[in-house]
Structure formats: C-alpha cells, structure tokens
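Following this line, the structures themselves.
Each of the next two complexes has chain A plus one more chain, namely chain B in the first and chain C in the second.
Our next item is the complex of A and B:
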C-alpha cells in the first residue's frame, strides 16, 4: 500500500497529533461503553447478572453517554480536523486555541463521565443516573450538567477554529469553490450550532440552576422538548462524519472516485435545513403538544429521507464506477471486483447496508400513528443500533483502518484481524438488532433492567422470549469481542515500525463542484433558512408549553432529591470524586 | 447543474415514496381516525396530585367510571413504581378513555401488545381513547426509566364480561 505521497503526519505533524489525541479519547470511550453494553445485554436477558438491577441504570447512562457523546463526537472532531486541514491545505491560525477546545472537550467529558460512574459507589452521594436523555425531574449531580456544558463549549470552539481556518483560506482564494470536505465540515457545524441552542438553554437556564438549588422546580415537558430540539439533530452530528467518509474516502478505496460533487453538497445543505425542525417526532405520544405540531415534525422527518436516498444513489454509483475501473463487468458482476479484502472498504460497505435497514425501521418510528405500537419498546434501540451503532460506529472503525497509518506512518498490525472484526460487528449486530426489533413488536420495553413481570407474560407471535433473549445476548457478545479486536489491533499497531509512503490522495469527483450552482456554497443563506424553519417548527409549541405549564412548572420534587449541594461543596466533591475514582477504576 | 438521468429518476422516485409515506400517515390520522395524544388532557398541579388532592387538581380519584352507554373513563396515576388503580378493570366491547398523569417523574404507560401507549409527564394529562374487545387480561408496563425500581413498575388491565363489571370506580 506504499505510495509516493507524503502522509498527513509528514505534512501536518502537529495536526496529526491533534487528530490522534481526539481518536484516543474516542476509543477509550468506545472500550468502556462496549463493556457496559455487554453487561446490559447479558443482564436484561437474564443470562448473567453481575450487577444489581438498580445499578443497571448507571451502566445504561454510562453506555449511552460514553458512546453517543464521547466516542462519536471525539471521532468527529478528529476526522473533521483532518478533513479541514487537508482539504484547505492549511493549519490552524493559533495552535493554542486548537489545544484549548480539545482540552475543554476532554475536561467536560471527564467530569460528566466520572459523575456518572460514581453512581456505582454508594458511599459517595454523587450520581447521574439520568440516562442519555436526562429527563427532569430525574436529577443528576450539578457536576454532570457542568461537565456537559464544558464539553459543548469545547465543540463550539472547535467549529470556530475550523471557520477561522476557512475564512483565512477564503481571503487567499476568493472566487474559488469551497473544497468538498471543508464544505461538509462547515455545514455540519452550522447544523450543530443551531441544534445545541436547545440543550444549552435547557441546561444553563433550567437544569443546572435547578440542580444547584437556585430554582425550585422545572417544567418537565419544556426541558424534555428542549432536549429533543437537540436530540434529533445530534444523530446527524454522528452520521455526517460517516457520510464524509462514504462520499470522499470510500469511492477512492473502491478504486474510483465520487460520482457527483454537487449532489453531495445538496445532501449536506438538506441536513442543515431539516435536521432540527423534526425533534418533536420523539414526542409523538407526549401529552401537552398539539397534534398539528406533531404532524409538521412528521412531514419534515419524512423529507429527511431524501438526503439519505440521494446518498444511497451517489455512494453506490461511485463504488460501481470504482469496481468497473478495476475491471468489473456485468449488471451485478462488478460487485465481485470490489476490494472485499480491505477492511476499510468492507466495513464501510457493511455499515452502509445496515444503514439501509435502519432507515426502514426509522420510517416506522417516523410514522406518527404506527409509532404507537413501537414507542419506547426495545424496537427503538434495535433501530438506533443499526444507525448510530453500525452505520456510524462501523464506518468510524473502518475509516480508522484507512486513516490511522496516515496519522502515524505505521501500518495496521493485522489487516486480516481487521477484516474479521468488521464482519463480526455486522454479524453480531444483525443478531442483536433483529432480536431487539422483534422483542419490541411484542411490547417488551426498552431501558429496563429486568423485563420479566410477575402479573403477565409477553405473548410472541412466533418463537419465544427466551429465544429472542439468547439471540440478543449472543449478538451483544459478538459485538463486544469485535470491539476488543478493534482496540487490540490498534494498540498493537502502535508498535509497528515507522514506514514512509503512507500518504493517500483523494481523487476529484467525476462531476466536479463547477457543475453546481454557486448558491450551494452560500452558507449564510442556508443558515438563515434553517433558522426560519426552526422558528416555524418550535416557537408555537414551546410557547404553548410555557403558557400551559409555566416556565418552571407547577412544583414537584427532584429525584433523587440530592442533599442541598451548594456551589461551595463542588470543589470538595470533585476532589473526593477523583480520589475515590483512582481506587475504583483500574 | 448536470444531473445524471438515472439520478433524476431516483430523485423522482424518492420524492414519490416520501409523499406516499406522508399520505399514508395522513390517511391514518384523518381517514382511519387515529388521533395522536395531544394537549386535550390539559395540565394539573403536580403537588396536588402527589398529595392525593385529585379534585383540587381537576383530575379524578384513580379508577374507572361509566360516562355513557358503552363508554368509560379510566383515571390513572403512574407513580414510582406502580400504577393506580391496579388492576384497571373495564367491561368487554367498550370504549375506554384513559387519563394518565404522574406525580413525580416521567413514566410510560403501555398496554402490552396493543397500541395503547403514551407518556405520563408530571403536570400534564395524557388522554387516549381505545376500543376494548373480548374479555382477557393485558399487562401494563412503564416503558420510561423512572428510577432504580423502574423494572418493578407494572400493572394489569382486565377486560371482564359485562355482568362481572361492578359498574363503577374501584
């Protein structure tokens, strides 16, 4: 695989270090998250219970936050920092600033992560057993909300850093089209800035002051709605780095190049416009929100299928082009000419295939009325383990096999193990996700430590709950083994000899950017339209929620009601937390 | 902008599919009359519900009442970690409207194996109307994490023959 091209490490050594550090945090979170994942898979299926059922929810919170906040977003900042640097051929104006945002993100994740894990230590009155959604009046320790805030500020600064690099590039290249990867980075960050307004308002104005005792109560429907304002677009924040890899890297690995640069831009613009005004589709069965608002969210959600359909076409067409370049022929015979022995290619291809399946179960969720049948059942985690759990996670792992040598000038330790790893992930997820979907159809709830009830039994249309449980646990075990293989292979790669010629180039698209209208690059225009759509989708429902239930709700307690923590005890608590943690976590 | 003709075709078919999905859901809402849980249940004072002052809170004592011929209403409180009343008893072949609220945290209310499924949010009343058929029992589960005893939160919906239904609240 040696080339004459200098690698990313050769060209931008300091930026390669930033990307590696982001990946390091990401992969530590992946390992911990996977550990909690297998604990749950075996626990809820009653195959092996090594923790108390009350602690299941601490494990579930850690699994969710570590995987969908830390693993995904640290990978995103790594891959985006690589993409913006290589596509604009520019390094950040101020390296300290770059290190500052990575540091803030790491600090925030560390604080939130430790706060969650302290839920396992009953002697310390600190916990955040609130799951990834942290619905009030469930209350976490203030450190959880504070950590989350610091983390999100870090991501905002990362975006600012990349926009600054872009503006400097623009000064020297007025009139040029934004390079595709840079365009993808910038549009994703526009979406992120809009999306995080919801969670920022929820945490800073309501949840953090409430956890500090500064306000007595919150309006649970309001903070919940603000969460989903953020909670749906965040799924595209996970997905778009995978799209960047599918559009810009995968065609190259397949032996060809991207079919259409203009369509790729259209897809990212559609995500900027439609990602946020859909969050209410997570609240189809919430009281207090009028049906009309749910209908608008449903319609917008269905139109969000469009960019993914376009992606399916463009990516498959690009791969087919690659296969034909490699000598593939025939209507479907070209499939045989693809580089199936390359773990980077096979991983991304399998991830894309599973994303199609996840798209179909997502359409069921999005179907407002049929959603009644599956809402909050195990069907829903079945769905998102196909999307974020495979389309995103498997693409990230596959992308790592391609990118890591360019960041380190070292080969991957074992490509056969890597190939086995991605196939194992696909097989494990096929079993686990299938069992989850089917269990959900029979009414088995999600987020439940022991879904075995005393007063009734679940009725299955075929098979048995026992069989489904075995399938789920087996799938979860294979996924855990796959994660270990990924992390182990990568760890062993650190010891590989330094090699030169690890660089890879990315060929231009068959249909280049000049084939598209310039308006596609007008980021201000798309931002303005996106904001208008958000206002249209959210002002009335939020106004109604506040008018009906009050800004701070109608009273009620916090659960668990924490002993009056004031600001004063925070440094002491943090110190104690760190001290205890050193003894708790190996 | 150059777009390949296959891509145009694909784009058109995708749009058609999306419009088809929206049309199907719209038919479900308008034609088949599947109403979404909405704001019709109104709001209640959380502290009053928690204190059991249901009348004060514009709610009702948890239980089942007949409101018309073949029509019943069931007031349900989902609390950590039980449903009130339990069991919920309704007569066969009737129309039942559930009013569900919570005095503490967010809960779920799912009649297992059916599409009677809603969130129970403190301060809000969820209203869902369902048709019940032949006598049988259904499990009810809380499907939203509500605390360390969440997995113990279950209830029962008993659909009984007309002559076994005692005609009023439990």
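Our next item is the complex of A and C:
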C-alpha cells in the first residue's frame, strides 16, 4: 500500500544499510542451514544419503549453529536496530561503533562457521562437531570457541550501542515513558547480558583453555549446566524479536492497534525475570544435580507460561480489533475480515498458531516426570521446530516481507509467491513436526544418523515407522522448497525498480503506556531482581556440582574417545564388575 | 489512523482455511491413533480428507461469489 510517509530508508539511509547487512548475513545462514536440514532429514530417514553417516554430526552442528545462532541473532540485531532507531527517532552516536559490532559478529560467525564446515574435509585437522549444545565432553577446535567469543562480544556491543542511544534520548526526554519498541529492545538485551554470563564463563574459563591444551580436563556437568544457564534464555532471545513484530507490527497490518501497551511491557519484564533461572529443566536426567534443584527449575519454567498466555491474549485481541475495524463481525466471523492475502500477516498468524502447539509440547518437556518419556527422543526437535523453527523463523520471514520495502524502497518481487511460501512452511512443518513428535513418543532417538538399530523394531501405536519417515522427509522437503522461495523472492526483489511511498507508520496502542505504572520502565530494578533470582536458582546447584566433581573434573579424555583406549580398559572394568557382583570387593 | 470502511474478503482467507483444515484433518488421525489406538489406514484417510476439503472449498468459494454478487 503506497503512503505519503517517508520510508525508513528515506529517513535513516545509513541505518537502513546496517539493517540490510545484518539481514544479508542472516539469510545466507538461513540458506546454508536449510541445506543441511534437508540433508539430515533425507539421511536419517534413509531416503537419500549424500554424506557419510560419520559426517552427520558435522551437518547437524552446521544446521543448528547456522540457524539458531547466526540466522536468528543477525535478524534480531537487524530488526532491533530498526526498532530502536525508529522508535527513539535518532541514529547511533557513533556510526563506526555500530559498524564495529556488526563486523565483529560477522567475523565471529565466519570463524565458527568455517571451523564447523572444515569437518567435511578430512585432509584438514580442524572440526567442531559439537552440535549447537557445545558442552563437554564433545570438544571443538579452539577456532570454534574463539569465533563464538568474538560473536558474543559483538552482540554485547550491539546492546551497548542501543543503550547509549537510549540514554541520549533520555537526556532529551526526561520524564517520558520509554517508547514500546525501544523498551522491548532494552529489556531483551538486559536478559541477554544476564544469560550470556553462563556461556562466557564456560567458553573462556573451561572450553577454550581445554581445547588449547592449557588444561587437561573439564567438569562435563559444570559445562553442561553453564551452557543451559545460557541455553534456555537464548530461546527467548530468538523469540522476543518475533514478539516485537507480533505486538507492534501485526496489529497494524491487521488494520488495527495494539490492544494494550502495559500488558506488552509486563510480558517483556517477565521474560527478564524468568528466562534464566530455569535452565536446569534441560538437565532432568543429569545424575549430578539434586532433584530439588530440578523441581525449582520446573516451577520457574511453568511461571513462564504466563507471559506466553498474556501474549496470546493481547495479540489475538489486537488483530480482532483490526478485523472489526475492517468490517468483521460475529463471534468468529471477524476472522474472515483479516488480510489473509498479505504474506506478512498470514505468515505471522500461522507462526503464532504453531507457537501455541509448540507451547503445549514445551509443557511436556518442562514437566519433570513426563520429560523422562520424551528426553533425547525425536520429540524434542519436533518441539523446537515449532517454536524457533516456525514461531520465530516464519515470523522473521513474514516480517521481512513487511520491512524489506521500507529498507530498500523496492516492492517485494512477488506477493503471491510470498503467500505460497509462508503457507508451504506451515504445511511442511505440520508434517515434519508431527512425525517428529510421534516418533519421539515411540522412543525413536534424536541426534543420530542411524535411528533404526539392527535387530530391533520400534513398536508403533498406529501406522508405521516407515510412514513417519516419509512424513518427516516430505515435510523437510517442503520446508526446504519454502526457504528457496523466500530467498529467491527476496533476491529478485533486489532488481525491482525503486519507488516512493514505501513508508509505514505504527499506530499507538489502544491502551497506552500512561495506563501502566511507571515502575515498569525501571530497568535497574528488574535487572537487580533478575540477578537475585539467578543467584537463588544457580548458586547452590553450581556449588554442589563443583564440590562433587571439582572445578576441572576428575580427568578423562575428550571425545572422540579412541576405541583402542576403550578396548584396553574394558577387561579391567569387566573384571571389577564381575568381582563386585560376586561380592569379592565390598 | 484510518481503516478500510467495509469488510474486505479475499481468496487468501480461503487458502488459509483449506490449509489449516487440512492440517487439523491430518493431525486428527494422530490423535485417534495415539489416544484411542485406532489405526486408520493413511492413504484412504488422506484421499478422503482431500475430497471433503476440496468440496468444502468449492462450496465456500461459490457461496462467497453469490454473496458478493448479491451485494453488488
């Protein structure tokens, strides 16, 4: 829709370039990550094998790191830079600094990415087949950890850049409420700073020195726990930019206004408070952590349902308002008045629908006892392909269809293709994720190139494993085609003629910021409470882990453990086991 | 802020309705299989679903066209 409003490119050309560059890296990672995704989907279902099974972990690591670190976080910095600039109506104080953090993030991603991909080249002794969950005992080449470190420092500097812009705005606007989008950016970064303490300690003090040979061993449980200290809140780091788009952009596309600004602020504050002290729920089956600590993590996790439910209510209320403004009537009849032909709206709406399903499977994961049923099965990838793989990824793609014209002053090449693309993603994910969830319930493991063990058949309650495999492969193929359509459509958009009228405004909320208490904007208070909650949740478990296993563990070789070494110690271990059984050794 | 004054109907809505109904139909087999242990053969079930949803889609499209003609 053509407007008289100047576009983001018209108003902030240099910042539009920064956002485009961040998106460029993000989408390159998306393409590569999707390629490794289809390779895995076809490999583990035994439909098409173009890599050796021994290289499966390389492909899996590339898929995970490229998509959930590079694709998501580069998109985040792009969309957040857009959001902070437009909502505060000011550009960064020092453009060189902005370029520096983007450069550092790109450099770090490049180093880590190349290190992973070198795993496919046996002639070069560099690899990082450690998966996205890069804790011990899996060990990567030092370059991988160095790349990650540089990348994370880049994200910290990005946050510093945005906080500096905010502080300058605050000097000129004392007493004013923080604009909603800026509030979302700042609270997300507060959460990120707290969350990355865990991964920074893990990488700098343990994994990097260990991979460099400076220390002989690490405590695997300690590195796991530090990873999950970061590994759970990172999912909200992926999700919150999607929330920003759902709260501030989607109501506008629907023809309405955000239902409640205060509720949106409450949601982001809750994420600051509750995102980090929950990571131990990923470790329910870890034997070195007492059940009580796991129970606390579970309870905290269940509290996180609250912001999700608040979001479901607020976003649906907002789009219903939009639909009624467009003439929609009736209890559910308003749904027909929504702009379903618009790929930006439809993509975000379908992403939200999938997120609801992902939330339900997430509750299963978070339940301490039910988790044992699905832990390390294909159920878990089924869950996170609904959340990060759809709620986040599909929202980002849909958001791009809305944002890209404002960053380039060019129309999207084909809106029908874009609409088909988001619908294809939804359908493909329904197939793939369903197959993964059901396979997980039948006990089929995740993270393996060969899920079907020789001489063993998985029992299915209905259908067959073969049918589930076809479903998974078909879904994965549709997702890959959808990715190609997205990237192709965007690439062709680069060649569209420049035009005016691409600018968009975002309408104010129906219930504005003045309807909420000012304490919501007190970032220092929320940061302090969040830190206290983290200390309460983690000090005792970490202390117990260190007391039991030592800061650097009790020794042992890094993976890949040599088979010869295993064979050498096997007779002794077997002898001891037999002796214990016979009661020779008390 | 200005809003479109009247109800906007597009075939985009029909597309999404077809896809979402298709997914619900597909998932229903999983629910019946997992909760009730009833193994519905996949091929006839999916073909049946395709036929029913296509028929509903054609009906919905025709009703919409008649409604719009009536309004015009």
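The rule we apply is simple: the second predicted complex is superposed on the first by the 558 of 586 C-alpha atoms of A that agree within 3 Å, B and C clash if a C-alpha of one lies under 4 Å from a C-alpha of the other, contacts with A are read in each partner's own complex, and residues count from 1 in each chain.
We take it that a residue touches a chain if its C-beta (ideal position, glycine included) is under 8 Å from a C-beta of that chain, and two chains touch if they have at least 3 such contacts.
In this text the structure is predicted, and so the values were computed from the model without any measurement.
Judged by the touch definition given at the top, the superposed model places A:389 against neither chain B nor chain C.
More residues of chain A lie in contact with B than with the other chain of the pair chain B and chain C.
Shared-chain residue A:54: touches chain B; no touch with chain C. Of the two partner chains placed by the overlay, only chain C lies in contact with A:326; chain B stays clear of it. Contacts of A:337 after superposition: chain C is touched, whereas chain B is not reached.
In the superposition on chain A, A:369 contacts chain B only, with no contact to chain C. Applying the stated contact rule after C-alpha superposition, one finds that A:453 touches chain B and leaves chain C untouched. Those residues of chain C whose C-beta lies close enough to touch chain A in the complex are 1, 3-13, 15-16, 19-20, 22-23, 26-27, 29-30, 32-34, 37-40, 42.
Residue ranges on chain A touching chain C, taken from their complex, read 255-257, 325-329, 335-342, 346, 349-350, 353, 419, 423, 426-427, 430-431, 434, 438, 441, 461-463, 467, 507. Across the interface of their complex, chain A is touched by residues 1-4, 6-7, 10-11, 14-15, 17-18, 21-22, 24-26, 28-29, 32, 34-39, 41-47, 50, 80, 100, 103-106, 108, 110, 112-127, 137-139, 141-152, 154-156 of chain B. Residue ranges on chain A touching chain B, taken from their complex, read 53-54, 56-57, 60, 129, 131, 135, 137-138, 217, 219-221, 224, 259-260, 262-263, 283-291, 294-295, 298-299, 302-303, 305-306, 309-310, 313-314, 317, 363, 366-370, 372-373, 375-377, 442-443, 445-451, 453-459, 511, 515-517, 544, 548-549, 553-557, 559-560.
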